[in-house]
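Below is one structure; the comments refer to it alone.
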Amino acid sequence: MKISARNVLKGTVVSVEKGATTAHVKIEVAPGQVVTAAITNESVDALKLANGAQAYAVVKASDVMVAVD
Amino acid sequence: MKISARNVLKGTVVSVEKGATTAHVKIEVAPGQVVTAAITNESVDALKLANGAQAYAVVKASDVMVAVD
Amino acid sequence: MKISARNVLKGTVVSVEKGATTAHVKIEVAPGQVVTAAITNESVDALKLANGAQAYAVVKASDVMVAVD
Amino acid sequence: MKISARNVLKGTVVSVEKGATTAHVKIEVAPGQVVTAAITNESVDALKLANGAQAYAVVKASDVMVAVD
Amino acid sequence: MKISARNVLKGTVVSVEKGATTAHVKIEVAPGQVVTAAITNESVDALKLANGAQAYAVVKASDVMVAVD
Amino acid sequence: MKISARNVLKGTVVSVEKGATTAHVKIEVAPGQVVTAAITNESVDALKLANGAQAYAVVKASDVMVAVD
């Protein structure tokens, strides 16, 4: 499947924390650069996400903001 | 200002393309890894975004999806 | 690629309207039920979206609201 | 109330799962086509959502992505 | 229609700027406090939005971030 | 830090409710006008959010919808 989302960052899962319904998954996409995703527990199971797994952090361009110092 | 968004990736602006109302800004956050943001033209002006500027791509954790091959 | 987004609705592209930077793509996901997506022009080109193409409307669960009469 | 969100899919609630703060509500919008919404527990109560209720899945066009095989 | 979105701020439309596909609508929700919405041109027409109109800015709780100085 | 998000509403935290992973924070941005944010527990801690704290509700323009009666 090829998706319209412009941002697909490859990395390694470094943390999976399930909540009651919402899980937090952390993916290291570059050395020292970790992206946090809040997804459903259901998706964690469906994708068999676990520490060490190769995965992508995917973000639609309209969900990215820009900041400056 | 300190923000709740969990993902704040530092980088350099490599492209600014203004549309009629919506602009696309590309930020290189790691060598060869470029993040695209769709923001208002108004914000591009307010933040004086231009090629070469230091900037951050900011994404709320609930806007990050995860994918696997 | 398998994605965490819980909503992946299969359908047929029935309209593609490019703007200056943002395009509107309409996908019929059931008879008479059309979903509108606002994506980048860049994605329209990358996915070669055109009328009649088979495509999926993809939505993260946290972006779905519920309403009642 | 009439809303700007372009996607308002009518259906029937087929599942409501409350978490600690976030609930997952599933709405069947066409035979066999179920949409999952992650909303606050507070909203589930305010809208009195329960299995069998008529409801709409509402999505802003800018939150819809497109994918192809 | 009653919606799950927790934030529904009543106000007055003070600006409507249509782009090629995306419009920016500004709503004054309190004296001097203006909220900007980026919606489709299509929605501006469907809702007949114009300066002076009474309208609501609607935001899903999961799309609200928090910042501190 | 200066952010592209067009909506930054100053107010006072009036409620913080942590869930298993997701917290709900309510900010009064004008007398009687309360905005609800769903953010990570992690952010609540990082920003030391508590009742009475001065804070901003921050929303990207593309996440704001418009409704009319």
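Going in written order, the chains are labelled A, B, C, D, E and F, and every chain counts its residues from 1.
Everything that follows uses one rule, which is that contacts are C-beta pairs under 8 Å (C-beta built on N, C-alpha and C of every residue); 3 or more make two chains touch, one makes a residue touch a chain.
Here's who's who by UniProt: A, B, C, D, E, F = Transporter.
Predicted model, so just to flag it, every value in this text is computed and none were measured.
Undergrad: Is the number of contacting C-beta pairs greater for E-F or for C-E?
TA: Per the contact counts, E-F leads.
Undergrad: Tell me, please, which of A-D, D-E or E-F gives a repeat of the D-F interface, judged by over half of the contact pairs matching in residue number.
TA: Selected from A-D, D-E or E-F as the counterpart of D-F: A-D.
Undergrad: As a quick test, compute the distance in whole Å between the mean CA positions of chain C (Transporter) and chain F (Transporter).
TA: Averaging C-alpha atoms per chain gives centres 29 Å apart.
Undergrad: Taking each chain's centre as the mean position of its Cα atoms, how many Å separate chain C (Transporter) from chain D (Transporter)?
TA: 17
Undergrad: Give the residues of chain F (Transporter) touching no fewer than two other chains, as numbers and ranges.
TA: 1-6, 19-22, 24, 36-40, 42-43, 47, 56, 58, 60-63, 65-69
Undergrad: Under the definition above, what is the set of chain F (Transporter) residues touching chain A (Transporter) in their complex?
TA: Residues 1-5, 19-22, 40, 42, 60, 62 of chain F (Transporter) touch chain A (Transporter) in their complex.
Undergrad: Flag every residue of chain A (Transporter) that touches chain F (Transporter) in the complex, lowest number first.
TA: Spelled out, the residues of chain A (Transporter) in touch with chain F (Transporter) are 17-24, 36, 38, 62-63, 65-69.
Undergrad: Provide the residue numbers of chain A (Transporter) that touch chain B (Transporter) in the complex, in ascending order.
TA: 3, 5-9, 24-25, 27, 29-30, 33, 35-39, 43, 47-49, 53-69
Undergrad: Considering only the defined contacts, which chain D (Transporter) positions touch chain E (Transporter) in the complex?
TA: 1-6, 37-40, 42-44, 46-47, 56, 58, 60-62
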